[in-house]
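This is the structure, below, for whatever I ask next.
Each chain carries a letter (A, B, C and D) given by its place in the written order, and its residues are counted from 1.
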Amino acid sequence: MAIRVTVWNENVHERTDPKIGQVYPAGIHGALAELLGNAGDISVRTATLDMPEHGLNEAVLEDTDVLVWWGHLAHDQVSDEVVDRVQRHVLRGMGLLVLHSGHMSKVFTRLMGTSCTLDWRDNDRERVWCCMPSHPIAEGVPLSFEIAEEEMYCEPFDVPQPDELVFIGWFQGGEVFRSGCCYHRGYGRVFYFQPGHEAFPTYRTHPSVRRILVNAVRWATPARRRGPLECRMVDPAESGAPRI
Amino acid sequence: MAIRVTVWNENVHERTDPKIGQVYPAGIHGALAELLGNAGDISVRTATLDMPEHGLNEAVLEDTDVLVWWGHLAHDQVSDEVVDRVQRHVLRGMGLLVLHSGHMSKVFTRLMGTSCTLDWRDNDRERVWCCMPSHPIAEGVPLSFEIAEEEMYCEPFDVPQPDELVFIGWFQGGEVFRSGCCYHRGYGRVFYFQPGHEAFPTYRTHPSVRRILVNAVRWATPARRRGPLECRMVDPAESGAPRI
Amino acid sequence: MAIRVTVWNENVHERTDPKIGQVYPAGIHGALAELLGNAGDISVRTATLDMPEHGLNEAVLEDTDVLVWWGHLAHDQVSDEVVDRVQRHVLRGMGLLVLHSGHMSKVFTRLMGTSCTLDWRDNDRERVWCCMPSHPIAEGVPLSFEIAEEEMYCEPFDVPQPDELVFIGWFQGGEVFRSGCCYHRGYGRVFYFQPGHEAFPTYRTHPSVRRILVNAVRWATPARRRGPLECRMVDPAESGAPRI
Amino acid sequence: MAIRVTVWNENVHERTDPKIGQVYPAGIHGALAELLGNAGDISVRTATLDMPEHGLNEAVLEDTDVLVWWGHLAHDQVSDEVVDRVQRHVLRGMGLLVLHSGHMSKVFTRLMGTSCTLDWRDNDRERVWCCMPSHPIAEGVPLSFEIAEEEMYCEPFDVPQPDELVFIGWFQGGEVFRSGCCYHRGYGRVFYFQPGHEAFPTYRTHPSVRRILVNAVRWATPARRRGPLECRMVDPAESGAPRI
């Protein structure tokens, strides 16, 4: 059975800035959907900010194995109700990939519990290094690869220590960044991946970045969905019985 | 210079249930304040739900090294504004001790990013085991100790994997629980500690629990306070310069 | 392609103690081999202490995806040369499952770097709790299950903090133990699992323990094998080139 | 009471290569001893490879709170008996700082359980970034600082995931490295710190590196020493009693 992915994009840059529109004519969500849809074992739908409930109603999330998130300019336009819903589904098992400037999105800061701030600068050259080459997300990817043009993000990155730190970014200007971070939250798996500035066609053209995204979707796919998130009173009578 | 502690308590059980009032005549906050105040290197103030801004205005938090949190019945009466403020101060360096039923408090779930749910049952016997005896919080505490009467909390406890798991609780009815969990969030340190049901005078009488609380305050005391939580643009001109 | 498992057993209890021989007529290795061989996607061979090179020569390990290890009385009879070889293969990607009293084996203490000591007592009732139910090793297993008869192991268990703590054991006598611990070492994955005292037919009869062993083999199966373990000088000329 | 530090150095480069002898006229151990001795709360002794038992007999280690280790050319000349002894003391509580090329020392690989290999290149410019600025080892140190001349070390560094990753190194040639890694092993704390190539007077002159070393000694100082490393049988009669 195919992995069911929903790619969410605020879709603002692409419509308001002609340069970005040229880089991603089908939107960043369109590029990501095409990439993932070609993997063979993934079925993709897309959702954007301007749709009712941002395209993420209960039925959509219930039908989603992994949600991919790209946002930047419009983080504060995402409704808290949708953020609550996404968080609840992640804790119940839905996978989540948060890309690039999504580090400041409400869904990511909610799941991290920290500010997720970092320092940054436009236009640099990045080299991404793998520091956990046995990780499934690194499978088939060189130990290091370059991204000719990328926005610089640097430490300190205000996130919890990753459960698994897979990639570290090197920037020519002299900075480093924890570029690929895995987290387990509830029954869900979360992967933050730094590359993907809107001004460059990275998601359309970079083979290692593209391979990592496919790997990450597979890694984040849950085996099952947890039931309601609640505190349950254990009856003394059932104390000796196995819990399901 | 003394460690500045603010003990926060919703202070509801003690005033609405005469039995609890007898267990904690000065309130749970009063008992904790007395305990910590006697440590020698700690100066304590208390704050409760019914005070303006729950007693946690900007000036109080700025003047607090470690905040201790006890709540249960009234989690949803804590204003989001105060929760935002507490989170911001933790990320900037303020220590936080979350006790017992505080696992479902808004401040704790905010900082964890998970539901923090667990299963539970009234009235059991607990034995607390140390699985990281070299940790400062375990200093001077036996490798295991009993609490004759305690509410049972059991796994799965929906929290991120602790950065340091110090204590595991054993319950006579057949359950286990990660009872002492350390987290680093921003510049702040967070310790969750499970013992302390309101129906038993644990904080007034149990030597190991009391020692752990004093240890935890010292462990959570920050060396410094971070500045504003923001993403800063790094000027290319300063790229080569050391960051402070 | 089937997962290639080698089950290693010192095979001493079964041959020297008639009671144990009755519990495991085909040896513990025989029982484990039967269990894993029936999983459908696993091909199994066995190896024992008395074989040349303990049955673990270079060719066997090169042909092994996951090595399962059971030992107790004869840890010190395992040659250092074989321990070196097993460690090298784990670091290059071979998975390793260490069972029960194998916590004091040379291969486990070598890979942990600690004493791996614990406290213990014969004959108790255990209940195993899952504290990371989303983990692949916990798939299809109840959140808690009982083992009617098991040797008691208790904290503090002198191992590094697990990368993933999946199970915690509760013992009726009043103890707890980190019973299911995952480690990443080099390219290899290591799982320590506490149940399986030789005096009880647990591996032959307990459905949850059996399911966990199959899950653990699948989890520990590597995607690839790393090359030689060596420090490589990076030629300045290739500094800009991607590393494979 | 002063922290008792023993600085160990193989002391080979300084005596066999006149250039290195000029960089460290008193030996690397002499420079480290002077630096730490000036901290105010540290008393220092030194030990070298050519001393009986490499200067690390039982009495010396019993009297040592933190051992500092520098080695490179002569790792294989360190006797296994001394390595056993150092490991045992670390597990019982002695702190350990492993510097630079010490990553391949027997004491470090023993405590890590991995190959500790990395890639490298002579003479580069490094910038060290702090990714956990609230850590005691980072206290008083800029968020990033430069080392004008340093040997390049790069990922993948074959060590277990650090319990706390404090520093990441950036190298001008295009590489990154986990340069400051904390581990808890038994009752002991271990800090690996990458800077300090013998060809440059870093330990004598670099204020941030020097501050980090003093911080690390204080961080690694144990509160107590564990007793023998052994598995203890728990008598059923004492099962209910607290363990010390």
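By our rule, contacts are C-beta pairs under 8 Å (C-beta built on N, C-alpha and C of every residue); 3 or more make two chains touch, one makes a residue touch a chain.
It should be emphasised that the depicted structure is a prediction, and the values quoted were computed from it without experimental measurement.
The pairing of chain C with chain D is characterised as same-residue: of all residue numbers used at this interface, over half are used by both copies.
Averaging C-alpha coordinates per chain and comparing to chain B, the farthest chain turns out to be C.
A count of C-beta contacts for the chain pairs A-D and A-B puts A-B on top. Centre-to-centre, using mean CA coordinates, chain A is 37 Å away from chain D. Distance between chain centres (mean CA atoms), chain A to chain B: 31 Å. Residue positions of chain C with contacts to 2 or more other chains are 132-133, 143-144, 154, 161, 163-164, 174-175, 184, 186, 240, 243. Partner chain A is touched in their complex by these residues of chain C: 93, 132-134, 136, 139, 142-146, 163-164, 184, 186-189, 222-224, 226, 240, 242-244.
Chain C contributes residues 87, 91, 104, 110-115, 117-121, 152, 154, 158, 160-161, 163, 173-175, 183-186, 229-236, 239-240, 243 to its touches with chain D in the complex. Listed in rising order, the residues of chain A touching chain D in the complex are 127, 129-133, 143-144, 154-157, 161, 164-165, 168-171, 174-176, 178.
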